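There are two complexes below, and they share chain A, which is joined by chain B in the first and by chain C in the second.
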Partner chain A sequence: MYDKYLIVGEAFKNVVEGGQVTGYQIGLRLPYYRGVVLSLVGETILTVDGERAPAEAMTVTLRGKTYPKTQFEDEPVAKWEFGDIGIVTVAKPGGLKPGEHKVELRQQMKISYVPGGFWGGDTKTLTLPG
Partner chain B sequence: MTSQSKIKRGVTLYSFQEEYFLRQLSLEQIIAVCAQLDIPGIEIIGDQMIPNYPNISDEFVKQWHGWMDKYGRTPVCLDMFLDWNKYKGRVMTDDERFESVVHDIHNAHKLGCTVIRVIHDVEPALLEKLAPTAEKHNVKLALEIHAPSYFDSPLEQRLVEMFRRVQSPSLCFTLDMGVFTKFQPRVASDRFLREGMKPEIVQYLIEAYNTRTLPSSHELGKRNDALPKKILEMGGREADIYWAMMGTHSVYSDLALLRDYLPYVKHIHGKFWEMLPEGREFSIPYDEIVPILIEGGYDGYIDSEYEGNRWIQDAFTVDSAAQVGLHQAMLKRLLGEA
Partner chain C sequence: MISAQPFRVGVTLHSFTHEWCSFQWSFEDMLQKAAQLGGGVEIVGPSHHRGFPEVTDEFERAFKSAVERYGLTPTAYGSYADPFMLPDRNLTPDELFAYTVPQLKGAAKLGFPVVRLQYFAAVVAERLIPYAEKLNLKLGYELHAPLTIEAPLTQELLEQIRRLGSDRLGLIPDTSIFARSVSQHHIERARQGGVPEPLIQRALDLWAQRRHTEEQAVALLRAEGADKNAQTLLGGFWGTCGFSEPRALAEIKTHINHFHGKFYNIVDGDEPDLRYEEVVKTLLDIGYTGWLSSEYEGGPTDAFAIVQAHQAMIQRYIQKHRRN
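Moving on to the complex of A and B:
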C-alpha cells in the first residue's frame, strides 16, 4: 500500500560537506498504515541506476534526529510516524551525477500479525539537480 | 424503527488515512469533517494519528478533549497493536505483553474511549489476566474478528470458551464486516487489470470468489498452494499470484452464526471498499446484516471503516469523506434514522 508515494523526489540531491560531495539524499515513506518503532522497519533495498546503497552507508533523519540504518533493529522506542518522510542520506564519495536516475526501492516491514512480514516498493525516474 | 434500534454510528479515522498520510488533512481537520458528516462516534488508531504513541503527551490529551468538545463528537474506541517482535533477537515476555496492553488501557481511559480494538494475535490467557484492569478503567477489550477468521475459527472458539468461563463485562469481540464479503470487491479486480493481470484470470478470480469455489484460499494457518498453481496454469505471472492472494482473501461467512454469537460482539467495524452512489456497498450486503444486528439487540457502535483507498490510490484521487458520507447515509437508512 502507498507504493507510489514511497520515493519522494523533492528531497533528491547530492550532499556537500566542507566543499566535498560526500553522498546523496532522498526522501522515503513507509508502505504501511501506521507509524512503527524503527526495529519493525526491515530491510531497505534502495538502488540508483541498479547500484544498491549499502545499509552501512545509510542514515535516516526523522523529525530532526538521525539514525544509522544498521542500528534500526536496536531501536524499540523511536518511531517512524505514519506518512512521515524520512530523509535518507547515503554516503558515497563524489555523490551522483546531475541528471536523470532510475531509483528503485523495496522496503520490508516486520509486522508481527502478518506472518513473514511484507514488502512495499516504488520505482521512479528522478532528476538530480546540478 | 428508530425506537427499536439502539445502534450508534461512528467512524474509525483509519478511513481518512490517505489524506492524513499525504498531509492534506490534519487530525483536527478530520474530526471537523466527521462533524460535517454528522458522525457521532470517533475511533482512532494510536499508532496512526497520535504522535509518539503509546507515550501520549498531556498536551495531546488536552487537545483531543478540546476537539471533542469543539466539534461535539464522542470518543469511542482506541485501536491497539502488540508488537511482540520489536526487541532484537527475542519475542516479548508475558509480563511485557501484559504491560504493553495495560499502557493501552490507560491511554484509552485518558482519551475517553470505552472500547479497545484488540489486534488478532493476542492470546486468550493474556486477555483474561487483563480483564480486572480493563474493568477498573471501564474499558472493553474487544478482540477483532477479521476475515478470513470468523466465530467458528479456532482462536475465536477458545475466546468464547474463556468469555463464558470468566464472565467479565470487559471481554468481547470487535467484528469486522469484511467477514460478510458476498462479492469480490470491484476495486480489487479493477486493480488486478491495471497491474497487468490477464483479463481471463481476473474473470476467473471474480467468478470463483463469488461462487465460493476459489481453491482453498481460506484455510487458516495453511499455505495456499492451489491458487498459485491455478494462476500459473492459466498463464499468470508471479506478480499475479501476489495480487490474487492480496485481493481475494475476504470471506462470506454464515449470517446464522452472527445471531448466535452477537451477545459477545460489543464493537463493529463497518468495513467497506466501494460505496456506490445509490447508497449500497459493492460487495457487502449491509441490508441483510444490519436487520440481524437490530433484531439481536446489538447496542454498540458501527464504525465506518473505508479500506478502498489502497486499491485505487495508484490511479485515482481518493475522496475518503465522500465514501464515508455515503456509508453513513446507508447506515442511517438501515437504522431507521433517515
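Moving on to the complex of A and C:
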C-alpha cells in the first residue's frame, strides 16, 4: 500500500557544489505505517539505471539534519517520521546525465517488536532536469 | 442474562491504515469518520502523532480541538515497547521503563483512559502501576493471536495481574484469538506471495487441528518444503487467527480494560472467520460495559463502509442477545 509513494520524483536533481557536480539527490519515504528511530531503518538498496548507490556515499537529510547512511545503526534517538520525505544525497562526481533515469529502491525495515524485518520497494522512471 | 447497559462500539484509526498511509485521508479526516462510527476513538501512538514516545503540546491542541468539535470520546492509546530498536542488544528494563512512561503521560495528556501495552512491557508493569494511578489510566496487555487466553504466556501475564492485584493493570482481548477458520485475506496473501497450493492446503489442515503453536506448525511446514517466504506467510495463519473459546472470556472478565474488534472481512453482514456472535453474547453475559474498537485489518477497500458493516453486525448481535 505504501510502495508507490517511496520514491519522490520532485526532489530528483544533481548536486552542484563550488561549480562542480558532486552527486545527485532524491527524495525517499519509508515503507512503514509509523515513524521509527534511524536504527530501525535497515539497508537501502538504491539503483539508478542499474548502478547501485553505495551506502558509504549516501547521506539522508531529515528536518534539516544530515545523517550518513552508514551511521543509522547507531542512531536510536533521531526519527524518520511517518510520511516524511528524506532527502538522500549520493556522492558521485559528475552526477547523473540530464534526462530519463530508471530509479529502483528496495528498503529494508527492522521491526522493533518482531525479530527480523521486511522489505518494501518502488521503481520509477524519473527525469533529471538539465 | 440481560446487561443493563451493553458495551459501546467505536473505532481504532488503525482501521484506516490504507487511507492514511497512502495520503488519501488526513488525521483530521480520520477523526471526522470516527465521529460517524460510534464516536469512540482509539489511536496508535507512533503512527498517528509525531515525536513518539512524547506527545507534543501542538498535537495535544489539535487532537483535543477535534475531540471537542466532533464530540469524540478518546478510548485507548496504543503504546509500543519497541524492545528490539537497538542493533546490538534488546532494551534493558530500565530503558523500557524510561521509554514507556512518556507514552503514559502522553496518553493521559490527550484524555485517553486506557493504554494498550505490548506484552514486552510485562517486565516493567509493576513500576508502571503507580504512574497509571497518578495519571488515572488503565493499562492492558493486548491478547492478539497467537496470544490466546489459554497460551502459556497469557497465563503468565494473568498470574502477574492477579499477583499485583491492581485494576490499573489488565487485558485487552482482540477478536483475532476467537477464530473458527483462517481468514480468506491471509490465504489470499499466501497465494499472491507465491506459496504453492499444496502447502497452503497443508497449512490449513494443520490449522484446523487447532493444537499447534505457530512455531510447531512452521517447523512441520519447513520439513515439507516451505521456504522462508512460505514460512512467513503460512505462519501468519497462526499469528492472525487463534483458537480461544469465546466462553473463556468469563475467566478473565474482571481484567478486561478494553476490547479490540479485529476483523479481516465482512461477507453478507458477517465476519466469516471470527466467532463474533459468541464473543458478543459472552461480553453481554459477563457484563462488559467498556469500549470495543472496530479494528479492520484486511486488504484495501472502502474502510468507512466496512467498519460500518462491522458495527452493524455487532449491534445486530447485541440486539439479538440482549432480548434472550
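Criterion: the second predicted complex is superposed on the first by the 126 of 130 C-alpha atoms of A that agree within 3 Å, B and C clash if a C-alpha of one lies under 4 Å from a C-alpha of the other, contacts with A are read in each partner's own complex, and residues count from 1 in each chain.
Basically, a contact is a pair of C-beta atoms (placed from the backbone, for glycine too) under 8 Å apart; a residue touches a chain by one contact, two chains touch by 3 or more.
Keep in mind it's a predicted model, so treat the numbers as computed, not measured.
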Inset, instruction - Superpose on chain A as described above, then tell me if chain B and chain C fit or clash. - result: clash
Legend entry - First, second, both or neither for A:40, with chain B first and chain C second: both
Legend entry - Which superposed partner A:104 touches (first chain B, second chain C, both, neither): neither
Legend entry - chain C-contacting residues of chain A that also contact chain B: 1-2, 4-5, 33-37, 39-40, 73-74, 76, 79, 81-83, 110, 112-113
Inset, instruction - Would you tell me which residues of chain B are touching chain A in their complex? - result: 14, 17, 20-23, 45, 47-49, 51-53, 81-88, 119-121, 310, 313-314
Inset, instruction - Using the touch definition up top, name the residues of chain A that touch chain C in the complex. - result: 1-2, 4-5, 33-37, 39-40, 73-74, 76, 79, 81-83, 110-115
Legend entry - chain A residues touching chain B - in the complex, by the definition given at the top: 1-5, 29, 33-37, 39-40, 73-74, 76, 79, 81-83, 110, 112-113
Inset, instruction - Name, in rising order, each residue of chain C that touches chain A in their complex. - result: 17-18, 20-23, 44, 46-47, 50-52, 80-87, 118, 120, 300
